[in-house]
Amino acid sequence: MSIKTEVEMKLKQQGNQSENRGRLLVKCPDKPGIVSMLSTFLLNHDSNIIESSQYSNDPEKGNFFIRMEFYCENLKEKSAQMESDFEEIATNHSMDYHFAYESERKRTAIFVSKEPHCLIELLWEWQNGDLDTDIVVVVSNHEDAREMVESLGIPFHYIPANKDIRKKVEEEQIRLMEEYSVDLLILARYMQILTPDFVNHFQHRIINIHHSFLPAFIGARPYERAYDRGVKLIGATSHYVTNDLDEGPIIEQDIERVDHRDDVIDLKKIGSRIERRVLAKAVKWHLENRIIVEGNKTIVFH
Amino acid sequence: MSIKTEVEMKLKQQGNQSENRGRLLVKCPDKPGIVSMLSTFLLNHDSNIIESSQYSNDPEKGNFFIRMEFYCENLKEKSAQMESDFEEIATNHSMDYHFAYESERKRTAIFVSKEPHCLIELLWEWQNGDLDTDIVVVVSNHEDAREMVESLGIPFHYIPANKDIRKKVEEEQIRLMEEYSVDLLILARYMQILTPDFVNHFQHRIINIHHSFLPAFIGARPYERAYDRGVKLIGATSHYVTNDLDEGPIIEQDIERVDHRDDVIDLKKIGSRIERRVLAKAVKWHLENRIIVEGNKTIVFH
Amino acid sequence: MSIKTEVEMKLKQQGNQSENRGRLLVKCPDKPGIVSMLSTFLLNHDSNIIESSQYSNDPEKGNFFIRMEFYCENLKEKSAQMESDFEEIATNHSMDYHFAYESERKRTAIFVSKEPHCLIELLWEWQNGDLDTDIVVVVSNHEDAREMVESLGIPFHYIPANKDIRKKVEEEQIRLMEEYSVDLLILARYMQILTPDFVNHFQHRIINIHHSFLPAFIGARPYERAYDRGVKLIGATSHYVTNDLDEGPIIEQDIERVDHRDDVIDLKKIGSRIERRVLAKAVKWHLENRIIVEGNKTIVFH
Amino acid sequence: MSIKTEVEMKLKQQGNQSENRGRLLVKCPDKPGIVSMLSTFLLNHDSNIIESSQYSNDPEKGNFFIRMEFYCENLKEKSAQMESDFEEIATNHSMDYHFAYESERKRTAIFVSKEPHCLIELLWEWQNGDLDTDIVVVVSNHEDAREMVESLGIPFHYIPANKDIRKKVEEEQIRLMEEYSVDLLILARYMQILTPDFVNHFQHRIINIHHSFLPAFIGARPYERAYDRGVKLIGATSHYVTNDLDEGPIIEQDIERVDHRDDVIDLKKIGSRIERRVLAKAVKWHLENRIIVEGNKTIVFH
């Protein structure tokens, strides 16, 4: 029996469970009683906590963060009331909060340039059932990936891009994102700079993979510079895109060992393996609502 | 400023906080409302939850596990009442539970034979403030470590041991453990087999380091056998000691890469580095009450 | 510029270099002067040593192993004479040896059952230029992979298999391997036992991926058993197939960390990522003639 | 039997072997025949090659590097003639070269400030037989480590230091290094800047441990800055000291995973574990003459 079959059987055994799973993310000023209040709220709304993670940052900032995953029979019919009832709590305790439902899969767009390895990895993980999302569109400034993408039944849009036509290109891209109702936008080695205007449309909803161990080798040509510096490890970083280039909140990083025998092409090959697994992890955690952005950092509830 | 000084300053800033910190560990049949009940209980006892981790194992077994770390002003004066009040909840919900207090440091004994590396690491982490315990006695069947141990003001007891005098030796060891009111017993490369009688005295309170990646190379001479098998990674495993040799619940494992050029002595040297860090981690987690044993497995709340 | 383009450009810059690259592997009793003799031999045959690695095992066994990679203009025209001249040296010094030429790419067959992840990884690395081989045929006891394989222009043969028809199946497989002149046979999660007769046809030319950190969990259902044992790391092992099941010379191993929250399906998913990279590395090293088998171990010259 | 005893027995079995072991390191313009020439030279001087590693950098720079470890009976009596005979070869082929002998142990000084962890690790590895050197003196601008150092019979010199008295301090340090005939100077978390004058006295003979994954967080307070940036991995880097601060040739780097729960003190603790193992590795490789510096990079022959 293949893993995929097993996953499908497992989901089936759970019946309509995944329809009945929700997640509540909360950020608020820290004080006693929050866990008690939230868990009692869920209990009173027929919801059983499956998983719960919390974090308080340092006493000065004094914020409390929690992610609760819960199960509730007939969640679809009850969620509106639940959210409505929650408003009062949220107001009273100055909470930023977010309800998410497994039954409402996020809609994802992937942007890619010539290097296909991150795209391939995402598609592979997605087919394997590891990325709980609908990949609704792939956008590229090259035609290379069209066949692979369309063979999976995913629309592929070729939009040539360079800095002279950036404004026009981004308008078309934003229009496309709206057309496809995109929730998450993944830059899977998309080698064009995005303007602040574009980024502001998708705050904390664009995930990029940077091909270095940030903050080392910020900017262009990181592998060439890693080679010149003679580092013994190379890495990759997935992060949310902000308007400070390569400075957005880091979600995940990883490295591999290299040595003096590895030339720049070797570094790129080794790096491509790091990139694809680092990006896939970050995307998975985002889709599972495991990430809260706080300032320029991420809290990732594993 | 050294790390040690910083740690001390940090603790000082927290005032008598560590005196006011407690941990509640609970295992019970899974059902809705437990988190709400426990968090409300703590709130009603003036306790603020600092950290909370939970886990439910598969539906068939249906058990729920939680570890809550809380802060309570004047905890020392309130803990008796708190524990007394908790009894009814525990009975009603078939809970196994355990209250632990940071102010009541566990008393630890270390057993060692000739190899000193794990002992040295533990003493180093302990001096560095990483192991929150009192190391009250070191027992060895060799004299080698006496000077190092006594120079730190720790009593050292030399008890020669071999299988012919095992019963007598263990009686003396048990007597010593009682004399020193030992809570945790660490086998830091102690190369004598313990009898069921001895082990039963300290259920889930003896931590051993096995010098292989269990279940590979169970038993004696693991590095020699790893060499003969030509493995490309060697490892170490820390586990609670049970009466099934090398079969107790695993707490932590780690590995390092080796290759054909490494002979048995090289493997032992590399292995000794793995052993010392794996054992130190397991001990740290035990002291912080992060481990719940369930059947032959551990739940480790990081 | 994509990595693939860069690799192609690099090869082009090297002109017909790869046609002119050869490798000499030698095993012989250890004694002074071998490096001098071999390097002088290559020099006298207009060959420049590009890379050289050597190893002497322990004094008792007293064997010397060396891998020399060399460059020789017009190697194709000179190799016959070179090999002929080498015979005398080899005889005089009791050498096992092997000349390999980059221009003569090995012909590879991949066997697969239902799990496609290792096959996909190999095809991906191959398309990316990382595996210097011709993949000449894929054989499976399931039809699942046919479309993907044939879309790359590789012949796909469906040969149903089970233990009752094993003899007949293996005869057909051997006939196919001969028809396609296969040099290397990769078991990419092929879940059928091979008989000694089959294995003997391809000594040290069948590479398997075992889904555990051997020798832990030898045999069937390693992930289930890893789950039951509560290990904190899971692994995979690539090895040459011998007639001792799961006991052949280990080429490469790797691991990833798991914890109590991972159920068997999680272990399989995590494991599938380990499997695909461990198998791809072993295959790459075999294709580059980096592996010498000595007894039940491998010497891998990185 | 302890590892240390085994190591001692192994060395004893090898008789006076270590007295008879030498290493030849060569850098020269790349051309055919060098390996043949060098190996024949050693053969003609009764020397058997035990280990040999080579590397050619890219065709443009065209340099060849080799490290040969050899065994020669009565090496002490023969080395002068061998070195004298080698001069002609070296001149003819524009070789930079270096003969090193195991019987002539390097003399090492360790500089340390308040943090003792790197010093402790080095002393521990040294006692364990892993660092083949004489540690002849420890210098510190604090008194903290005196007792530990002197208890091992190593002279300890307290030299207060700050930037106002830098010139005078360095004069005294240089005088001490000369008095103790120091070959290698290790900065084991010595927190004073060294002047170009001092550094020039010890070119490629000062090894520093920098508490970050260079080039990330060059300069002061790397852990604080790593915390502020929200990285998911922290690292350490050992490198030769040059007059470009934190820019010297990197010898070794490693990392460990951190997450949002780790505050600055946690990062320092985790970092101290990385620092000590990274520095110990770099020192070991230097002592075994495994490192050739080429421009601002190192070639490390493992």
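Going by the order they are written in, the chains are A, B, C and D; count residues from 1 in each one.
Here, a contact is a pair of C-beta atoms (placed from the backbone, for glycine too) under 8 Å apart; a residue touches a chain by one contact, two chains touch by 3 or more.
Predicted, not measured: the structure shown is a model, and the values here were computed from it.
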Task: Reaching subunit D from subunit A through chains that touch each other, fewest steps - done: 1
- [ ] Averaging each chain's C-alpha atoms to get its centre, pick out the one most distant from subunit C.
- [x] B
Task: CA centroid of subunit A to CA centroid of subunit C, Å - done: 37
Open item on the list: Where in subunit A do residues touch two or more of the other chains?
Closed with: none
- [ ] Name, in rising order, each residue of subunit C that touches subunit A in their complex.
- [x] 1-3, 5-7, 10, 114-117, 120, 124, 128, 130, 144, 265, 268-269, 272-273, 277
Task: Contact set on subunit C toward subunit D in their complex - done: 31-33, 35-36, 39-40, 42-43, 46-54, 56
TODO: Would you pull the subunit B residues touching subunit C in the complex into a rising list?
DONE: 55, 57-58, 213-217, 229-233, 235, 249-255, 259-261, 263, 296-300, 302
